[in-house]
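Note that the chains are named A, B, C and D in the order they appear, and that numbering of residues resets to 1 at the start of each chain.
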Amino acid sequence: MATQAIRVPMSGPGDVSGVETLFKNKTIRAEDVIAILAKTEGNGCVNDFTRGYSTFAFQTLLAETLGVSRDEAGKRIAFVMSGGTEGVLSPHAMVFTRSRKSPGESNGGKRLAIGVARTRDFLPEEIGRMSQVQEVARAVREALRDADIEDASDVHFVQIKCPLLTSERIDEAHRRGLTTATVDTYESMGYSRGASALGIGLALGEIDEEKLSDDVICKGWELYSKVASTSAGVELLNCEIILFGNSTHSSSDCIVGHSVMKDAIDREAVYTALRSVHIDPDSKDKSDLSRIVNVFAKAEADARGYVRDRRHTMLNDSDINSTRHARAVVGGVIASIINDPMVYVSGGAEHQGPIGGGPVAVIATVAHNN
Amino acid sequence: MATQAIRVPMSGPGDVSGVETLFKNKTIRAEDVIAILAKTEGNGCVNDFTRGYSTFAFQTLLAETLGVSRDEAGKRIAFVMSGGTEGVLSPHAMVFTRSRKSPGESNGGKRLAIGVARTRDFLPEEIGRMSQVQEVARAVREALRDADIEDASDVHFVQIKCPLLTSERIDEAHRRGLTTATVDTYESMGYSRGASALGIGLALGEIDEEKLSDDVICKGWELYSKVASTSAGVELLNCEIILFGNSTHSSSDCIVGHSVMKDAIDREAVYTALRSVHIDPDSKDKSDLSRIVNVFAKAEADARGYVRDRRHTMLNDSDINSTRHARAVVGGVIASIINDPMVYVSGGAEHQGPIGGGPVAVIATVAHNN
Amino acid sequence: MATQAIRVPMSGPGDVSGVETLFKNKTIRAEDVIAILAKTEGNGCVNDFTRGYSTFAFQTLLAETLGVSRDEAGKRIAFVMSGGTEGVLSPHAMVFTRSRKSPGESNGGKRLAIGVARTRDFLPEEIGRMSQVQEVARAVREALRDADIEDASDVHFVQIKCPLLTSERIDEAHRRGLTTATVDTYESMGYSRGASALGIGLALGEIDEEKLSDDVICKGWELYSKVASTSAGVELLNCEIILFGNSTHSSSDCIVGHSVMKDAIDREAVYTALRSVHIDPDSKDKSDLSRIVNVFAKAEADARGYVRDRRHTMLNDSDINSTRHARAVVGGVIASIINDPMVYVSGGAEHQGPIGGGPVAVIATVAHNN
Amino acid sequence: MATQAIRVPMSGPGDVSGVETLFKNKTIRAEDVIAILAKTEGNGCVNDFTRGYSTFAFQTLLAETLGVSRDEAGKRIAFVMSGGTEGVLSPHAMVFTRSRKSPGESNGGKRLAIGVARTRDFLPEEIGRMSQVQEVARAVREALRDADIEDASDVHFVQIKCPLLTSERIDEAHRRGLTTATVDTYESMGYSRGASALGIGLALGEIDEEKLSDDVICKGWELYSKVASTSAGVELLNCEIILFGNSTHSSSDCIVGHSVMKDAIDREAVYTALRSVHIDPDSKDKSDLSRIVNVFAKAEADARGYVRDRRHTMLNDSDINSTRHARAVVGGVIASIINDPMVYVSGGAEHQGPIGGGPVAVIATVAHNN
């Protein structure tokens, strides 16, 4: 199984020309695309329609290239759009391909392997609650098998796109006499991200099932996954899972590694993540940095109101949502280390790493001497 | 001449209790305060009233402590408030004192020296034009003398608080049949900051006078000062200058140094600034970092739309002003290096360092072995 | 008892010059001021420091004019600042005076009477819960007596300024092992406003006590007061009540009346409120409109997501808080009817009028033929 | 020539289901659609991608229904999306059809007639300058002929969608050594709207050609069209014109009329516009209001900083762009009069009506007794 990971700049949420060129140049085949993951330039919050726009544009491109309907393209390929390119972050798409032509082939070591899966659609009253956690866990296990990864410790990043509650959806549940996890649409994004992350932790054995209940979701912050990255979007009703790890069954030029940032300015964690893919950040020779395909990180404003014992104002800001502040910071810190602002930083890290922090993963090409 | 620099956290723009405690504890005497410079938690743009609020609150405190009127306190002490604590930035005040009790006394090396000066009030039609540049240059030279610094190369940071145009002020000029540099209130902040920075560069010999004209202000970006930091605020009509450098005539526990960030993620420049005050950022022993009193930096979104050849979206964002994005990034980068988010990052770096970058200065206590 | 109500434009949150002029011209005496209520130009949300700034500036003015301390001025006079002048709304202050020189004197009919009262400070865990409701009810009854109004049906407007939860306050409660009504700082403004409004309804007999509990606060929207107007601000920990009605014991040039807007575009309710003070909005002669001293209204985005069966987008907007949208609309509707944008529209109408609507009160001078 | 105008609610910028249903129900034929005009729920400013998203979604629907390419659909049909549904405004699309089956047929009076035209693409340096004005004027004359309207006084509304400058486009002009009308992307929207409006005024004889020059664009506010409505969007490089008037050659159930609001709260102008289509707003019987198909208005914050001599804060607000404030107000005023918030209010009224005001047009079905 051959796996590829390619990063493509985007000039706007509807710009699919970079990926189109990859098809035209025969760099990749549309048939092999299993996932497209993009950072789009919306607000990353409830009314961020850049995610839906990009999804629609990429689905149309894939449908037309593959000669299938948009629905069919949507079923074959996982589209995960994360809104928000605050600060220096630069809009881009990641295209992941998998070719089954040479099953079991390996380069002689563990290489990047990707698995995808989907949950069923959720009802409004399920979002942010245990039914979401458990259905996500089921789907993550499915993605693990799909990636041909045997050991959960070889999983370094699990990206989930999950639904949120809108006024309409909350209303619909109320009409059926049911409550929702929250009646605040913005807050619902956190609940859905949190439940998805706990589902990842449950599937990968990071979290004990008996510790989980509706009550700990977005409350019991000591429970978290170290590899979860979950984004909520208005454009879907189910969860789409893309799992990244290393597998001996994969042939790829890439490997993946990760670490966990303990807060938004934890540059040591970024160094550790780089070292996990054999890049030395202390080296005077910066050429190793060019092996980086992308860095994936989660960002959030510390819910306790402090970073390194200093008061921050992100949670009291009614003009800019705290996730926007947090993405700008984490994006800046990572960009300053790898000399590249085109990284994938996603906001809202509920149950994804410790409170105020979050996972940071790196996909890099393998060094010639590896 | 003894100089002190003390950093105090603030719990809100009206919180002067930290400085009040310094007076009560006799850590400093109100009589010796020459300048208070604060980062307040507003939007840092036109309608940021946290600056005026803090100024009013500090003036009231100083007036009551000194037993003088608020106006008199405003005349004796320079109050420079910079709005915007995006990302991890933490609201705080810097109090600078100067005591002339022991004139000419020195610790045997150059130490932190501070000079202050004020321009006259500007008419709306002068803001962002050569009359502002020249009057600022005059006042900077006055501040240099006030600081007892002989060599302009010993100046490491010049903070100016300058006025902006409001609808009312523009209107007033129009009624007198005159134009203003711009009719956009937000844009006027840039013009005023730019003219002030060029005034600094002119006074310190960084910029040739013959290259200056109304036409180059906020256009000829190749002209800049490497030590200028200018902030615009609605609450004043003149410019207030605080100049920081090292002088053999000063006795102080502190020294100041600087470097210039070439863009918002230039961590090497932050390292250079730290080394200029004898702090080794590569040292495994992080204890040297505790010598830092504060880091002062300017931030702006690169006007060319790119950072390290990657498109950024800060200038096309109609929801969040680009200076807010930029402060979040630069604040995050510096905080990640010095392990402290309570730093002074101010937005809008027109003619302050190269386009997209800006000066970064460090005040630190002197190492015992220095 | 003589009562006056005067409206004064403000050029910024720190501009107290209009009121200062009233003192200098001897239009009013500082000794007679019982309340100052202002619309300030902040965001009206958590980090709106224009309220604190105005309060500080007015307290300083009153303290200096009365020759007392700011604290003492704060105790004598109720300062209620409501942030947010979206759309055409124009920043201004309302000064209310009361002189007891001629007790019991009356103009031969019911005239404007004002009562003020304060609650004790609330702990974080009390905000938005029944202890707030009950303490507010107690204070409203006190204000009713203070206004010399015998019949609750003569009360036409009750303005309350109430506290909110910040990250720090929530944290403080958590450290004592207690929960707060919400952990979302913005949401806490709604809980505090809602509990205050229910306290008004309880005190005035609009709401049965047995229907009230923690569970109905910000949930049981069928419970509401028709005369409540409550605003939350970060700058206080207790509630300040100003109650407006008509009393035979009052001598004043003014009367007050009210109606209830069923939604944000209910112009018929504005007409009814005008008619209640004997102004005919259908009259071709618009001169009667000049009798209006001010209109006071509450605005909110309909929580059901619809206005007149049309979907609105205010609750899904993560860039602009819904209260800001709502104030702009209600302000525009009222201004278009009375030909004056300098009206007092305050956001967040939880339990203040029906869901999506809110009270609208008018203070007007008495017509010569009344 | 038969003309239809139908209003359809949208649940999001990608929701084309309402129009799809019109096709499925055979209410209209896709072949007859000449224009789709929609209010989408973005910020209406530079980074409003809801316009591009809706355009893409509607083009895809029409392409698939007509069996042509998206490009071909884009050429046949004018798609004009206006972003921003602040306050009570409700997202919707207007579909306009024209069938030439019965040319010259008339109902015995002037009825709604629609003409469409397009300009060529503009270079960045042309936007907001005389080359845009003149090319727009040419296209408006073409649209007038297309609508079969003989007398310019029968034109009641001309909607233009025009391009704006992005950082990339400005940069591109600079690389060719040319200047642009402005370097501020947000400001460029105003220049493009202004130049388009002047082009309309020129074509319809409202403005003398000799008074026009680059210098008066967005400066000489006394020059304006009374029927222009122009919106800028990032998704196009040319102007698309849709002209609405009444013609004896048209057979339609609808007529159109207009008036001009002198400011954002000018309800008398809305009354006048209603009367122009024979609706009496003073009638106690509100049933006539159901004849309204839609109201089209332009909104802007008065550039002088005052509405009815009261200071407004829209132009000093760095958190919310002034057009967003203005749309909320005008939308609320119109909705309060016609009891319906689903109206088309578009922001930025440069040279569209007097300063601070703008045109207001009404399309209504003809009364049975007309």
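Worth a mention:
Please note the rule applied: contacts are C-beta pairs under 8 Å (C-beta built on N, C-alpha and C of every residue); 3 or more make two chains touch, one makes a residue touch a chain.
The structure displayed is predicted, hence computed values, not measured ones.
Counted by residue number, the contact pairs of B-D are over half the same as those of A-C, the matching pair from A-C, A-D or C-D. Set against one another, B-C and A-B show the most C-beta pairs in contact at A-B. One simple way to say how far apart two chains are is to compare their mean CA positions; for chain A and chain C this gives 46 Å. One finds 39 Å separating the Cα centroids of chain A and chain B.
Chain D has residues 11, 41, 43, 47, 168, 311, 313, 316, 319 in contact with two or more other chains.
Chain contact summary for the complex, chain A toward chain C: residues 43, 45-48, 166-168, 171, 183-187, 234, 303-305, 311, 313, 315-319, 321. Within the complex formed with chain B, the chain C residues making contact are 11-14, 41-42, 47, 49-50, 52-53, 56-57, 60, 168, 234-235, 319. In the complex of the two chains, the chain B residues touching chain A come out as 9, 11, 41, 43, 85-91, 264-267, 282, 307-308, 310-314, 316, 319-320, 324-326, 328-333, 335-337, 339-342.
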